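Presented sequentially are two complexes of chain A, the first with chain B as partner and the second with chain C.
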Partner chain A sequence: MENWIEFGRGPLFRLCFALMILGLIRTFAFSLFGLIGAYHRAGEKVVPWGDLIKKTFSWLIPIGRIWRARPLYSIISIIWHIGLIIVPLFLAAHVTLWKNSVGFAWFSLPQIWADNLTIVAIISALLLFIGRVSSKEARALSRKQDFWWPPLLALPFFTGYLCSNISLSANGYQVIMLIHLYSANLVMVMIPFTKVAHCVLLPLSQFVSSVGWKFPRGTGEKVMKTLGKDNMKEEIA
Partner chain B sequence: MKPLTTETLEKAFEIPKKPEVIEKQRLAVRYHIEDKHLVDNNRPQKFLEAMAAILKHSNYRFVLDHYIRTSAKCSRCTVQCQVYEATKDLRDIPCYRSELLLKVYRRHFTVAGTLRGRLTNDPGLTDDDIEDMARSFYDCTACRRCQNECPAGIDHGMITHLGRYILSEIGIVPRALVVSTREQLIGDSHNTSAIPVPALKDTLEFLEEEMAETKGVEVKFPLDVEGADYIFIPAVSDFLMEAETLMGNACVFHATGDSWTIGTGDFDGINYGLFYSDHVLEKVLLNMEKEVERLKIKKGIIIGECGHASRSAKFFYNNFAERFPMPVINCMEYAHDALEAGKLKFDRSIIKETVTYHDPCNIARSGWIIKQPRELIKAFIDDFVEMDKIGKDAVCCGGGGGTVSLDEIRPYRTTIGGYKKAKQITATIKEGKAHYTIGPCANCKKQLKELIEDQNIPSELVGLHDLIYRAIILSDDGVAWREPEGIF
Partner chain C sequence: MDRVHRLKSVLWTIIGIAAAVGMTRYIFGLGATTNLTDRVPWGLWIGFDVMGGVALAAGGFVVTAIYYIFRREELHPIVKPAVLTAFLGYLAVAFGLLFDLGLPWNIWHMIIFWNPHSPLFEVGWCVMLYLAVLLLEFSPVPLESFSAWAKIRSFLIKWKLVLVILGISLSTLHQSSLGSLFLLTPYKLHPFWYTPILPILFFISAVYLGLMMASWESLFTTHVYRREKETSLIAHLVGAARWVILLYVIVRFGDLFVRGQLGSLAEINYYTVMFGLEITIVAIVPFILTMIPKVRDSNPGQWFIASFGVFGVVFNRTVTGGLAHLVQDGASRYIPAWTEFIVSAGVVSFMAILFLFFVEHFKVWEQRAADPSVDPEKLPEFDKASNASIGTPLLAGWTKNSLIFISAAAVGLMFMSGKKVASQGIDSTPVSQARGCEVLMVDGNLDGYGVKFPHAEHITRIGSEPEKCTVCHHMNLPGDSQTECSNCHSEMYQSVDAFRHDWHASSDGANISCFKCHDKGKPKDVDSAVECSECHQDLIPAGATIKVDQYNAPGYVDALHIACIRCHETYIDTVANRKIDECSSCHKGAITPENKKFAEIVMTKVKAGKFQITPEIKKDRE
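Here is the complex of A and B:
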């Protein structure tokens, strides 16, 4: 068991972490280069940069957006994201691990904050899952990954909470730690290949949706020729 | 407004097409063109070929790539879509509609999708999927209101546009759109309403006489003036149906004293390409460029009261027109500039009715034309009431995305599409007082007129320039309006 834990904490973590980072860089680069290419092909380079930056920030910190649509869902979703980002990065135990392995680290959250935030994150994951299952609109839209992501993400939080409160995990600490490590590693590997990739893509979204309308010159003509139509008469059925 | 009943919904979706035509088209939608391409059995393959060709030569690929990774299916767009609000049909949720095309992209144009498809024996795109898309992409009014509340920033309007473009390449396009486009691009009249130039000249002469009588001033519609500062291009339907709007435009030009002209080579701003084909979009704008070149226009293109004509010219003209780039101005923007420069004088006593303003999606969604018309209205109208959602957040009239041109779906448009708009207009009406709804867009005008008629709303639909025409003072004696003699 010890060995499995060490493996999960050491080599496996490094592999999964590297896959996540490289995968996210690749995903981000695809969108970014696509964006730059589209901008260069555009005949007119006028883009409302100021508006787009404002819009992007209003979505990265979406407090003002809460009341505009599905307020309850929006609040839960925001709380969920706060817990999701802050706890793994600033938990004292994680920060210490970083310090021991790479030699540097950053400030950490007081344990009581981390604990409470973890509980809030677990509850909000549960609520999001219930929200998805109980709303007919959300059910109609959802793919498989939309259902399994909240529980999968809640698992390392739940097991992490048990591990950091020894009184709760005294009997099965090692098993719980094993689940914590392997589920967290699985999450990291999955991130670049699923919808969670939005964690790096979101800052580009407004730009993609704006520059995407900059149709390159001559597209229609080329498409027509590629499809074997000779002239506009054939094109306009 | 009463809530929609099941009976009304069913009626709105009624299919008046002959069963054998539906059978032949294999499209259970009533307004798609009957086309030779549809008879063969290879529709999915044709769709994929068209999609591949479009992705190869356009920018859509990176957009779809981005969207399949960011779409979180949060369903926040459900509360934004006026179509879904009316039908409560899950297939009308913007994100659901977009997924129809995104899943085709994921399955056939990504490595992971192709591999998964092979491993799981997934047949991929089917005929039924195409039918779903044909129905769904034309139930959407392409108003793009859903993009406002999408946390992932997905522009469902762009996906609808792309979906329609691909469908059009395999011959699935509403008949009304394709017939108009054909006349505009390869017909003799070069405009969507098939108005010959002599008829245009007659109409304008008649309007000049009318203005001389009512305004007491000689106001001209200059035709083919070489070297004019501005070329004025309204939606061609204005020449047939919106005489007061045109006269309002002419009066504003008269008041500013700028040199302007209407070109007989291209006097139609309508561009259905914005709704269904990038190719058509570009061709129509290149024709506009030719007219700008022929008339040696100096300062700019002014588009009349038409949302989609304005948007297609504003955001695409300079993108396509390489040789003669030109600023594109909407006529309300132009009138507003004139107002700010102190060139417009109004008689405030003319319009006494309550007035509300409908923001056309194509000019308001981007934030381009929102404050200009309101400042114009406030310059000569005392009783102005706003609707509950305005500006970038405005609700579509229900006939957007070209659907207003399809007369056969009028029951759909005036019940389902325009349901929310009807509620909004009704809320601004004051008891016992006459009411105007301003809809400064050729598409919105037609739709709102039909909506007002079908829903029995006690309001009259007008253009902003219709009211400007009545209240503007051009003559030295300071009279805005003289009752025309001998008409009644």
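Here is the complex of A and C:
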């Protein structure tokens, strides 16, 4: 068991972490190249840069957007993101691991904050999942990965909480730690290859929708044909 | 075209793992990524990447010489690819060196700080210049696609012959100088390989490898791109190569005969096996195969001949560069780590990818090779992993290969230990004192290659007054006035503590209390200690020209070089007709056969532990 934990913490972590970083760079580079290609093919070449930058930043800090539509969902989503980003990066135990392996460290959260944020993140993941499953419209719009991402992300948070409060995990600490490590590694591998890649693609997404409106006439039909979904035209009509 | 794609996948896999290892090398250093030590600082990256790489690129100068100088027009189809291979080969050498050099960011030092005595200086300059020449020689090919550069292109074509001649002369210089490098290692390289004519052997084998590599490259690319086979042309090349290798074998064995090493081949040990293996691969197999016309004119036969030839010479370079080095007693033989192999393979793979890029995008051959994935009629594909569209069919190859690359790099990082490995240090080499009377034999490590120092002659020249002795004798043991050099400079190469703090404090030694030297109530360090001269007035004689400040005696070699050369340089103008600042004015080779014999006997005793400086001897001296 101890060996498997060491493997997950050492070689496997390096593999998954490297795949995450390199994969995100790759996805970003390809999206950028694709975007440049799309821009060259667009009918109109004028890009509203100021507007794009403003929109991108307003999505980065979406406080102003909360009340526009589905405020409850928006608030939960924002809280979810805060916990998701801050806890893994600034948990004292994680920072110590970095310090011991690469030799440098950074600011870490007080344990009580980390614990509370973790609970908040788990609850919000649960709520988001319930929201998606219970609403008919949301179900229709969802892909497979939309369903399995919230539980997958909640798993390392839950096991991590148990591990950092040793009184809760006194029996079977090693098993819980093993699940924590391997699920977190799985999360890292999945990031660049699924929708979570939006963490680096965000600066491009506003640009995509801006250029997309400026394609020449008939582009939509060509795209459908390419995708082999000509028959969908009648369905929509 | 499936072959091209498969080849590219393999190449990108290797490059990916090598990139991970390369990154680790830069973060954690050579100790973490290689099996190199201070004792074996040159390994696979020099033997294969540099020496093999330069030799593999010999096709450039051999083919251009045959085509442009000897006007053999039939070679036309392989001239451009040969120049491209040479260019990429030298690029690989420079690129590979960035991993091997301890301080790669100092690589430019050679351009500014000249050391014309060093063969490495010549090699470095030649490689730099030849790389530039090859760039100019090859650039008309890619420039063809850019009309803005037409004038420069026609200028380069006009001056092609000059470039070719420059390229040939530079190659002649450094292909052989790579051999000269190993003339500096008479004790390290086994006598089968160590010979004064090593540069000549390197040059002949480079010409041979040039012909073989041009053939191999033609065979390989015609196979991969399913082009028309150039069988008769290759038959010519390997046919010429066999006479070159015959010359090589004659010279090599003639040299062994002259040096009296031929008899040692009868023994069977590691070195004879290596030698036999090398000669078989590089010469015997290709020569016999080439002599059979049926084999020489067939495609599979040519594959065998060219592969043996190429591998053989590269093997020779690797053996000369490390595998045939003698191993000191108690040390283990250097075997490259897997990380070293993968970095070498990665550098080669990267150059192969660049080669494929050039032949696919420019007219290196009569007919440009096309990438089948670039088909304007082809529909866009989706990224297999993320199911998202990532680009046009133009990028299809990149989609796959980049995924291969990042996966391989991640796997490479997984296998990195990431632990710092410290140097094993250098062995201690105790100095034995200079012997003799009027003429002293200065030979600290007793290898027979010392220096005869005419002590009496120096006294007559300088004068025998006590203050004249201080020109050299700058520090003496208490009560002495002519302490020998080896008393303080007791290590051949490393600096040692001449003060010997522990001896002063020990009850076995001077047995004095801490506070005789150090101030009470202050930390016991240099600042709180009294000057040595407070107790030992006679330690440093008045008028000593060599100043002692830290009692940290440099190694014997350094100390004597500094003392002698500095003085010789001062007096150079007063001595008639003698170049007393040059190495050869003191170092005259092995002193005499008898002395050498004596040194050998002493050396074996030292090795056997019989002459070691035991604590008793040390105490006695003190």
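FYI, the second predicted complex is superposed on the first by the 201 of 237 C-alpha atoms of A that agree within 3 Å, B and C clash if a C-alpha of one lies under 4 Å from a C-alpha of the other, contacts with A are read in each partner's own complex, and residues count from 1 in each chain.
In this text, a residue touches a chain if its C-beta (ideal position, glycine included) is under 8 Å from a C-beta of that chain, and two chains touch if they have at least 3 such contacts.
Just so it is clear, the model here is predicted, and its values are computed rather than measured.
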Checklist entry - Touching A:A197 in the superposition: chain B (first), chain C (second), both, neither? => result both
Item to check | First, second, both or neither for A:G37, with chain B first and chain C second | outcome: both
Checklist entry - Touching A:A18, do we find chain B (first), chain C (second), both, or neither? => result second
Next on the checklist: Once chain A of both complexes is superposed, is A:S135 in touch with chain B (first), chain C (second), both, or neither?
Outcome noted: first
Next on the checklist: Touch test for A:K99: chain B only (first), chain C only (second), both, or neither?
Outcome noted: neither
Checklist entry - Is the number of chain A residues in contact higher for chain B or for chain C? => result B
Next on the checklist: Between chain B and chain C, whom does A:R26 touch in the aligned arrangement: first, second, both, or neither?
Outcome noted: second
Checklist entry - Touching A:T226 in the superposition: chain B (first), chain C (second), both, neither? => result both
Item to check | Intersection of the chain A residues that touch chain B with those that touch chain C | outcome: 27, 30-31, 33-34, 37, 193, 197, 226
Item to check | Contacting residues of chain A [partner chain C, same complex] | outcome: 11-12, 14-16, 18-19, 22-23, 25-27, 29-31, 33-34, 37, 101, 192-194, 197, 226
Item to check | Complex interface listing, chain A residues touching chain B | outcome: 27, 30-31, 33-35, 37-38, 41-44, 46, 48, 51, 55-56, 59, 62, 65, 68-70, 73-74, 77, 135-138, 140-143, 146, 193, 195, 197-198, 201-202, 204-206, 208-209, 211-224, 226-227, 232-233, 235-237
Checklist entry - So in the complex, which bits of chain C are touching chain A? => result 20, 379-380, 383, 385-386, 388-392, 395, 398-399, 402-403, 406-407, 409-411, 413-416, 418
Checklist outcome for this item: Listed in rising order, chain B residues that touch chain A in their complex are 33, 35-37, 49-50, 53-54, 56-63, 65-67, 69-80, 90, 93, 95-96, 99, 112, 147, 149, 151-155, 158, 168-169, 171, 173, 178, 181-182, 185-186, 277-283, 315-316, 318-322, 325, 366-367
